[in-house]
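The structure is given below, and queries will be raised subsequently.
Letters A, B, C, D, E and F mark the chains as written, and numbering starts fresh at 1 in each.
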Amino acid sequence: MIDQETIVLLLKGVNNVTWQSMFMIGVSFVLMYLAIAKDYEPLLLLPIAAGCMLANLPLSPMIAEDGMLKVLYNMGITNEMFPLLIFVGIGALTDFGPLLENPRLVLLGAAGQFGIFMTLIFALLLGFTPNESASIGIIGAIDGPTSIYVSGILAPHMLGPITVAAYSYMSLVPIILPPIIRLLTSKQERMIRMPYSSRKISRRTRIMFPIVVTVLVGTLVPFATPLIGMLMLGNLMKESGAVERLTKASAAEIANTVTLFLGLAIGSTMVGSEFLKTSTLFILVLGIVAFAVDAAAGVMFAKVLNWLSGGKVNPIIGAAGISAFPMAARVVQRVAQEDDFENFLLMHAMGANAAGQVASVVAGGVLLALMGAGG
Amino acid sequence: MIDQETIVLLLKGVNNVTWQSMFMIGVSFVLMYLAIAKDYEPLLLLPIAAGCMLANLPLSPMIAEDGMLKVLYNMGITNEMFPLLIFVGIGALTDFGPLLENPRLVLLGAAGQFGIFMTLIFALLLGFTPNESASIGIIGAIDGPTSIYVSGILAPHMLGPITVAAYSYMSLVPIILPPIIRLLTSKQERMIRMPYSSRKISRRTRIMFPIVVTVLVGTLVPFATPLIGMLMLGNLMKESGAVERLTKASAAEIANTVTLFLGLAIGSTMVGSEFLKTSTLFILVLGIVAFAVDAAAGVMFAKVLNWLSGGKVNPIIGAAGISAFPMAARVVQRVAQEDDFENFLLMHAMGANAAGQVASVVAGGVLLALMGAGG
Amino acid sequence: MIDQETIVLLLKGVNNVTWQSMFMIGVSFVLMYLAIAKDYEPLLLLPIAAGCMLANLPLSPMIAEDGMLKVLYNMGITNEMFPLLIFVGIGALTDFGPLLENPRLVLLGAAGQFGIFMTLIFALLLGFTPNESASIGIIGAIDGPTSIYVSGILAPHMLGPITVAAYSYMSLVPIILPPIIRLLTSKQERMIRMPYSSRKISRRTRIMFPIVVTVLVGTLVPFATPLIGMLMLGNLMKESGAVERLTKASAAEIANTVTLFLGLAIGSTMVGSEFLKTSTLFILVLGIVAFAVDAAAGVMFAKVLNWLSGGKVNPIIGAAGISAFPMAARVVQRVAQEDDFENFLLMHAMGANAAGQVASVVAGGVLLALMGAGG
Amino acid sequence: MENLEWGLKMTVLGMGLVFSLLGLLWGLLTLVLVLDKEPSVPVSAKEAIAEAERIAAVADDAVGAQVPEPATVNGMPADLVAAIMVATMKHKLTLRRQAAPFMRSYWPGSKMFASRWVATGRVRQNYSWQPRGK
Amino acid sequence: MENLEWGLKMTVLGMGLVFSLLGLLWGLLTLVLVLDKEPSVPVSAKEAIAEAERIAAVADDAVGAQVPEPATVNGMPADLVAAIMVATMKHKLTLRRQAAPFMRSYWPGSKMFASRWVATGRVRQNYSWQPRGK
Amino acid sequence: MENLEWGLKMTVLGMGLVFSLLGLLWGLLTLVLVLDKEPSVPVSAKEAIAEAERIAAVADDAVGAQVPEPATVNGMPADLVAAIMVATMKHKLTLRRQAAPFMRSYWPGSKMFASRWVATGRVRQNYSWQPRGK
């Protein structure tokens, strides 16, 4: 009664298990461990891990034509809508006040993007194509949606490892930054206190800021328009105070839904043959390099500013220019307090940090422009 | 090292700034001002303004193929899903009780749609095509989703200015109505008091109302089925009390998300060459005409009812028949109190107002039927 | 002035009323009655009823090309995304603890799927095609999303009646189960008390459970990967405790939105000619059969376990193996208390019930595998 | 003038249809009310207006129904007016606190959606309009 | 009868597979529990049922899990039964109020999702099932 | 080495553009601040840090901004530090309780999103940064 054909049908799944797929499922377990036990950006890494696991099960219908993970990928990754929507939510929760009070910190954000280009060069030397190299470099933006957006355009086949690297290392900022800061600064430098002055930032200025940034950046670097435009849209909605329902929806309901879908879709790209290359290993290593160079460049540039200002700038706030808002600023504050518990740099670091957030997006757009992508 | 080609690439954005795009960005600033500083329907106008600004930045990737604003447009404007989903939320928050207690007010809602057709004629005389004229006329429905739905079918190239006109003028109802009411009524008429009687509206009647309206209108005017069906679906869910989770989701999460997406998508249609025509100016002027004629027709028809009833109907409640629920009713109440502080007409005005809501949708369907659109 | 053509246009709607469409609108009224007055799964049945009503209005634009119900259908039914998303939400609210403490209950869940295959045979004998028969049989999974998923793949033209049957009968579980239980068990059997022992289920075990189940089932029955994967994804997010925002979004915002869309889309498939066949009547009858056979098989299998264990298993907990979590378990507890108010079986029944939930999904995948669907 | 003629035809047909449809609705609603057999009882204008404001306050939450008017009623602060109304009605009502409708309560602590009429609404919103204490 | 034969084959194969898979799962779960080395301790039925009700109350929130049953347990109002159970268990428990699970609290003030068992659940829901006070 | 050359070119161009753009932004912001004519007033570092923590606490809610650090500040429990800060600042501030920002309150009762700095934030978050009591 049970014929040959039926048995073949029943064993189809088991027969299609490959060592690659088993390895990738193992990778998904590692990601789950990092997300759940180590609390590494679980909102992103857990869905990515789940997507990876589901995509690597034998004959997975989820990545077949019309499979749900495929549908999600086409819904928001192909057209880059998901990372942009997440940016609206981030903008709705970001207060650029520390930067507005202290605009000269803006340049620290620029310095913190140096790792992008250093890493791009290293990647080129390792044999990656220009587009791939730029995608790996963008890990140095230290900003999830920017990394996803840029690499999704330039090298979609590397989206998985780049996103994983970007978010994992972002969780490691508290571990990566302190040794670099200590290596590059003397105790005396780290103990520099910076005075505070406060000025009221008018509501008008707060509302004009996102508009000015959008028009300025969008006009000079059209490729950056989607990234900067969506980040600043969220901020405009927040600062306007006129559309609280939409602000809340962007930061909560939309952000949560999109994060789940985005993570699953990105995870589903991590299938055996494409992922299991030495290139993936290189990406992971180069990602760390990008973070480290960013931080070092930020600190060194801040040292220059310190010198120019006659010793008034504590160079460690430069490390906050890498973005990773607001985590990097907190780490800087902690490092400062290790040498002098009464040294409060947080607000200055937050300013540099907010500048880094803007600069990361600008750098993403600049990179796309230089690659001439899309037109 | 930096060659000619690179420089051209870098100046691409600046070189593509046109006076049209600058003008449109200026328009977006005006809309932002109206939304934020003047509180004109900010939930719609702020996203529209943002969409307009982002679409008019040079070489904007957001309206390119697969650009996010294009994606949103295709997601819910082309197929009219967004305005319909907003209608579900409106239905879920609308209480037709005042109309159910006082069904004869229904006719006041009909009279308040006269501006649609007057405006259509004016538009024809100004040289607009029949479809365009009907789309401009529908501003007189004084109902956002209806205007978007109808003009999206008949004249999608005019969606931007029509939506902006519809929502801006809706915010101006408190300014537009009073002078018209005062012009057309004597103080004596405005001081007519209307007695109240109350009857318990059974839950069964409240549940049957949306069903009956859907079947009646949908059968007689199939083109109105989507509009009336979605409005009444929201109301049915609300009155049934059986699906509170869905009612809440429709009125909050879905409504908020869709409003943001809808606004951005509509704003993105407002690009230079299409918007900067005298026709846009005509649309803005004709929109005001539509509002005024609606209000006047409502008041005049109420005067007829007053005459027929032997002086028992205060003619100013006719002005609430234009829809703009519940704002128009409140304005009517305020006007009444200016002459007689003890004159409470609000519940009657709310009945006319709810009738106007239904009548607007019916008029939208009738207009589509008469134009033979789509079918 | 009003010509022939215009009159034809105006009467188009009325002229296109057919007895079939009127009958289907009547069906939608019955469903509304069941949903609102009888509280039969209103979250599903009310949207289904509304979709059915709107689709059957004459010339309904809602099911035309680009009509909203069509758009919703293509958005999440064609690709099966909606039922899968609902599964994420169910997983996020299901606690498999009772099963983990008492793993031998797992087999009761298997027994409760027997109705699927019995019903399949009956359907074959009544002349349905194999695919149709399997789709009807899957009503016996007694699990909404599984029924929708499987029948959506095998026999999409029967999606309407199958979904309606699945959810209606699920509401009837408290009425269907007790007589079957009483018929197949003696009072003495029903009075068997089962002792409890409790063990702490470690967080690690709770987190590993969804992962193990996904990999095990997904590897052996690839067709079950989407169903089991999404159910277990929700459970993993819940048990990990690391992504509460996503867990909540899955169980609330996403679930609510998808439920509304899913119901409307499924309702829209219930149009005259396809629905009004004797086959629909057969489906409704066979659905009840499936439920009854499931329950009977569960009880009989529990009797075997009771015999094997020397009288230590109360056979009525077998009825909870059908799934319908957690309702079936509650019904079992109620039946037990009728004979002995001090007999507390609920936790055991919950274990069988959770096993039934897993087994239903497995059975759905097995059925798809056996039909060789999709490749 | 062909255009004008067509436009007039549209107007006559359109307004005719709108009036016919709403007239039909009027008939149906009247019929339903007759079948309902609920008595119609006179109520004071103040009671009616309080109920009307409750309904309006809920509708204010709908997208596209913002109220840019100053929050006054004929020069008096609206909150005060509402408070007075509430006070005058209170003795007629039994307050059913626990059934506060979900529309108003999902973001508690925030006044995000609260219009000036919420105060009124909170008191009465759980009643279908039956101020006779029925 | 070809159909019947095919159907029977499906049944045998299908139920065989379902039983095999769940049997395999049984084995795996038993193994995990053995590795976990947690002791199994007898508990009273009342404690067990209270915990079970807590789990059921959370699951009631899932779409497609509505409970149209009358809210009684063998004729007694369910709330009362729950209250009694809670009262008898209370002295054994330390109440951890602050950790009220988010599932129940997102629309506070509303009883929207609250089944009759929530009262029970609210008391115990923060415990993994370890009524021995472990 | 063609690659290296191209890479260096990218670096020079890229960093040059990023610096130019942010420099331009610096200029614009400075201009705006000059036009705003708000005086710049010295504040204590503690006030500044409390405000900074408030801003950071809101940003923590953003996806991709989780804080896996141990909740201590130089060995002291963070909550304690926050509490001390709050206490030292409290006498300078008028508390505007009713305006608790919606970001923090949508799932009340749950500590779901609350970072260790929320305690600080709750006190000051309704102020734009103007600790002079302006």
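As a working rule, a residue touches a chain if its C-beta (ideal position, glycine included) is under 8 Å from a C-beta of that chain, and two chains touch if they have at least 3 such contacts.
If you're wondering where the values come from, they're calculated on a predicted model, not measured in any experiment.
Each chain's centre was taken as the mean of its CA atoms, and the one lying most distant from chain A is D. Taking each chain's centre as the mean of its C-alpha atoms, the one that lies farthest from the centre of chain E is B. Chain E has its Cα centroid 44 Å from the Cα centroid of chain D. Taking each chain's centre as the average of its CA atoms, chain B and chain D sit 19 Å apart. Mean C-alpha position of chain B lies 41 Å from that of chain C. Mean C-alpha positions place chain A and chain D at a centre distance of 49 Å. Chain contacts: chain A has residues 6, 10, 39, 42-43, 220-221, 244-245, 248, 252-253, 256, 259, 369-370 touching two or more partner chains. Contact with two or more other chains is made by residues 13, 17, 102, 106-108, 112 of chain D. Every residue of chain A that touches chain F in the complex is listed here, in rising order: 38-44, 86, 89-90, 93-95, 97-101, 103-104, 106-107, 109-110, 113-114, 116-118, 120-121, 124-125, 130, 133-134, 144-145, 167, 170-171, 174, 193, 195-202, 204-205, 208-209, 212-213, 216-217, 220-221, 244, 248, 251-252, 255-256, 259, 325-327, 329-331, 333-334, 337-338, 341-344, 346-347, 349-350, 355, 358-359, 362-363, 366-367, 369-370. Here chain C touches chain A in the complex through residues 78-81, 84, 207, 211, 214-215, 218-223, 225-226, 229-230, 233, 236-237, 240-243, 245-246, 248-250, 253-254, 369-370, 372, 374-375, going by the rule given at the top. Residues of chain A touching chain C in their complex: 6, 9-10, 12-14, 16-17, 25, 29, 32, 35-36, 39, 42-43, 46-47, 50, 53-54, 57-62, 64, 66-68, 71-72, 252-253, 256-257, 259-260. Residue ranges on chain F touching chain A, taken from their complex, read 3-4, 6-8, 10-11, 13-15, 17-19, 21-26, 28-30, 32-33, 36, 38-49, 51-53, 55-56, 58-69, 73-74, 102-103, 106, 128-132, 134.
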